Amino acid sequence: MNVAIIGASGYTGLELVKILITHSKFNISYIANSTGNINVQDLHPSLQGLIDMPVEIANAKEVAKVAKLAFLALPHKTSMSFAKELLDLGVKVVDLSADYRLELENYEKHYCPHEDKENISSAVYGLPEYYKNQLKDANLVANPGCYPTASLLALLPFVDYIDENSPIFIDAKSGVTGAGKKLNEITQFAHINENTHAYNPFKHRHMPEIQEKVKLLKDKDFSVNFVPHLIPVTRGMLVSVYASLKEEVDVEAILEKSYKNSEFVRVRNSAVDIKSTAGTNFCDIFVARNGKALFINSSIDNLLRGASSQAVVNANIMCGFEEDEGIPKIAYAP
Amino acid sequence: MNVAIIGASGYTGLELVKILITHSKFNISYIANSTGNINVQDLHPSLQGLIDMPVEIANAKEVAKVAKLAFLALPHKTSMSFAKELLDLGVKVVDLSADYRLELENYEKHYCPHEDKENISSAVYGLPEYYKNQLKDANLVANPGCYPTASLLALLPFVDYIDENSPIFIDAKSGVTGAGKKLNEITQFAHINENTHAYNPFKHRHMPEIQEKVKLLKDKDFSVNFVPHLIPVTRGMLVSVYASLKEEVDVEAILEKSYKNSEFVRVRNSAVDIKSTAGTNFCDIFVARNGKALFINSSIDNLLRGASSQAVVNANIMCGFEEDEGIPKIAYAP
Amino acid sequence: MNVAIIGASGYTGLELVKILITHSKFNISYIANSTGNINVQDLHPSLQGLIDMPVEIANAKEVAKVAKLAFLALPHKTSMSFAKELLDLGVKVVDLSADYRLELENYEKHYCPHEDKENISSAVYGLPEYYKNQLKDANLVANPGCYPTASLLALLPFVDYIDENSPIFIDAKSGVTGAGKKLNEITQFAHINENTHAYNPFKHRHMPEIQEKVKLLKDKDFSVNFVPHLIPVTRGMLVSVYASLKEEVDVEAILEKSYKNSEFVRVRNSAVDIKSTAGTNFCDIFVARNGKALFINSSIDNLLRGASSQAVVNANIMCGFEEDEGIPKIAYAP
Amino acid sequence: MNVAIIGASGYTGLELVKILITHSKFNISYIANSTGNINVQDLHPSLQGLIDMPVEIANAKEVAKVAKLAFLALPHKTSMSFAKELLDLGVKVVDLSADYRLELENYEKHYCPHEDKENISSAVYGLPEYYKNQLKDANLVANPGCYPTASLLALLPFVDYIDENSPIFIDAKSGVTGAGKKLNEITQFAHINENTHAYNPFKHRHMPEIQEKVKLLKDKDFSVNFVPHLIPVTRGMLVSVYASLKEEVDVEAILEKSYKNSEFVRVRNSAVDIKSTAGTNFCDIFVARNGKALFINSSIDNLLRGASSQAVVNANIMCGFEEDEGIPKIAYAP
């Protein structure tokens, strides 16, 4: 099946190209970025010898001529107007931006006025472990944010056991590719190497995304308090969730049971690290308890499970292919 | 005043040598490690051209002949037996190990039987901001652990305002020198670069140290739940304390007031980073609030404020010198 | 075809497992290390969910029962005695150690007495670009060292043009996995992060390997002067060759022509970096000239092209499979 | 003596502030950058608690009112026009840019037309080991580039012994702060971490600077071929010089003799590393020989010995102070 990649210049766009080059069912028929006029292997020199294709300036009608599904790796706002055009032309969309992740009111509170009110309510949230059935029939998938992916996969199994009167704290650590490719003082080597710090504590936009999904899936209103940190690694994300249990339950058993049939969630028996999931679509999770104090610990690759490989899993499900078709499971990092 | 450094091979021993080389009141008259028989500049080649002195095998009587105060950078258990000898000979001791940090019962619960029951109860806990008066007359100072230093300086100003029924969570991130110089799989570059993970979650020995000091200083029994993480930086430590407030108080004002006269605590108006304190004795602290959810964020150099420079501050106070004599405040890191 | 991996604990052993898990022609039927008694996914936790197989203590007869070809990732000396046993039992061998790389006399000069004089002379040097025909019929392949792989691929196209009266200098930079997994002071994070240094200048054992192959392939006796450096990266190798040309030739054209049919050598038009080849079997090469001064610059992944993936390419050729079957070409590093 | 720092925003400007804060003879009376209107501790938050002073927009007349000497950490071209103004007003100048480093013709060939032809010929090249006498009477000092500092200190002792018919190759590795603070794709963490590569091979502007000084000091015309590399470290520089000797001389003795009276050059007996000089003004040098093949290996901190601390050493000599007054010799890096 022919597919398009819109927004090929950034980190997640490059990862989409790499995954789809070796995918046996999807064939890249169209690549676009904001400038066009370059071959994709000049845009990303590491692709030399692997793919030879022009990069276009995105045009929805051209996409509709050559592709049945499009991956959008665009800035929010830009994404919703282009998605709307594609959907009207009958192209399925997996959107990697934030534009369709939240309910309308919540989106407009935390981002900006929405420009595609028609489609936002039918978008399916692309967290496969919790939305697989809806994904099968979806024409529009909102690919989750990296922090919400790792946080929700850790938190959701325990929501029923957590004391609603105590706050939940999520201390998350992200590699610098999470901040995007745009030049930025905090992603300069001299700033972040041998360094680490929180940013936007209690104010990051992924906080309402986590809170909303817990509410929708579990009907619980928690105080979710989210503090992201930047750490000196290129890719990878580690999430530490802290909460109070209502009573001293068997947390290992709860976790084990929740994911026993999930190919891409691995339950670990010791603290997880980011190197074991980097380069793959796996989410590794570990849980520990001290009396009623709960620690849930998850790890993902922010660019793959937190973006591009999860997008391809979602596309696989939308198109009736095997969920793991073309999905990276092995990384060449020791 | 002549001083001795016992345990010069490790990271903290080297930092002690460097600080004391340029100290105008203390003069290094004796250096020891477990093997002796080497010049200190061969033991640490970066000292070439700065100091020229033999390294001995530690002997308490020899120390007593040439030094009035000794810094012990020894493994726990080794430290208490040597400290006892020195104290009996009239040598003042700043002990960087864990041996005198806890009350006897607590120590024996978390470490091992204590071999110097005579002196443990008179040891002063060397956190200068909270124990300055006792330090002035001390003959034996227990230098705090690195995690407790950063955690207590963050937590103590807020203890009276925190809800005792909710757990306190401390998510701490440490550079790999915190694990010591002994060869170790987790401190290998190939393991920890581009990686991060928790270790000993809820089980680290610094957890009872923090809890005990909160109890002693503030008479509060909290559930303090401590999760340390290893991050790919050489030195530096970032601590994130999460707690529930009893009510929505002005946390910035509380913090500002607590440390307005403290030379080595800097109150920050945005999230702290470890690079700003690395190479110095400063502890930087920032606080934020989301309703009753509290985030306190502190940063220190684990080898300096978390060990060697705090030890020299303590020695300065014990000997009636200026608190900041010889203490590093400027680091040559951009 | 069933294959065995002998020496699965180290870095190159793990990479062999990962490559062969997804290889469509080779099937791992036997894995060994020095201790046995463990499942391979406990030996390497990142393999959880990917392979489930016991690790044995290596026994040549057992190997011969279940495998037709064995990859040996063993220390030198250990390797030659085990290889001999396997060859006698009719098992083909790809040896990743140094044991069969040199001519007998040269080996004994730089390593130790050789214990398999029978087979050393028939071993084929596994640099596919220069030994493809011999590899097709080989029963025993000596997989080249990482430094010689990157150095020879850079140097060989230019040997005929270099002034034999001037020394050739090779300044090589290797990631720390090149030093192996054994605990080591120089591979500790605190030593090598924010650091770099040469080691064994003019004395590394890969120097005679490079010199011998230049002599054998081109019949030229150069003074090859090799200085390896350790750099703070996990994997990857950059080689800078400096030499004097006999005359001012068109070096780009020479390079282009040499590798125009080589799938795994990419000629670059600007200085190469290690990130573009990390995680793949590619060798990227760039050349520049200043008058008669020559700079040839190559990059490989030291664990893949410098060891495990080159080993599998060699095995593919030995067994008549496509050269690139199962060989990694895409890495998930931005 | 009151001094001014012009250009306080960049890396070298910050290092100048830090050095001069603790200098007992120089007192910072004026700080400028291109925008002004900020306190220096807001410009560089790590200075909180250490200095409290407004940053001005540079004005030569204002400088002349309050300072007798100015350090210029400005871009080339900007620097020469400002230096000229200061010199006319009787202010001594230590210029950290390239503007006065070369002879006029050489400068105009490699940079741009010169705007201060009056002063360029009287500027003294600030490499103290080779220009100390001239520095004593200088009003204008051209502080050397970082690469030329490390390269010349390594190369100069051996110039008389090197074969003039063979090219000299200099393979240099620099930390990313060498590229300056301006946002730049190659200094982004995601680009350079776990990476390394050459840049401007044979074309860097420091190549003519090295060649000219060898010519001026030793009257030798060598082919100096310079290839700089970027390595994933924040600060520090390692230089490897490769050359052919005329005959097999005792290179260790030559090196030892050259620097036996130099406080800031340390001759090492094994390969140097950058961590031992980082944070200090030291240059460490090691030499090895293989027949006539020569390897000279030096290490400096690119921001200190390669810029700011060397500038203060030069100022100390110009003003008749002790050469090492205020100069960092101890770094808090393990």
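All chains are identified by letter, namely A, B, C and D, in their written order; residue positions are counted from 1 within each chain.
In the analysis below, a contact is a pair of C-beta atoms (placed from the backbone, for glycine too) under 8 Å apart; a residue touches a chain by one contact, two chains touch by 3 or more.
Chain-to-protein mapping (UniProt): A, B, C, D = N-acetyl-gamma-glutamyl-phosphate reductase.
Values in this document were obtained by computation on a predicted structure and should not be read as measured data.
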item	value
Both-way neighbours, i.e. chains that touch subunit D and touch subunit A	B, C
A-C or C-D - the one linked by more C-beta pairs in contact	C-D
Centroid spacing, where centroids are CA-atom means, of subunit A and subunit C in whole angstrom	37
Centre-to-centre distance between subunit C and subunit B (centres being mean Cα positions), rounded to whole Å	46
Rounded Å distance, subunit C centre to subunit D centre (Cα mean)	40
Touching two or more other chains - residues of subunit C	11, 177, 181, 190-191, 193-194, 232-235, 275, 278, 333-334
Subunit C contact footprint on subunit A (complex, rising order)	11, 14-15, 18, 21-22, 45-46, 48-50, 177, 181, 193-194, 234-235, 263, 266, 268, 275-276, 278-280, 282, 301, 303-304, 328-334
In the complex with subunit B, residue positions of subunit C that touch it	11, 176-177, 181, 183-185, 187-194, 232-234
For the subunit D and subunit C complex, residues of the former touching the latter	166-167, 169, 171, 173, 175, 190-191, 193-199, 201-202, 223, 225, 227, 229, 231-236, 238, 240, 242, 244, 271-275, 278, 288-293, 295, 297, 299, 333-334
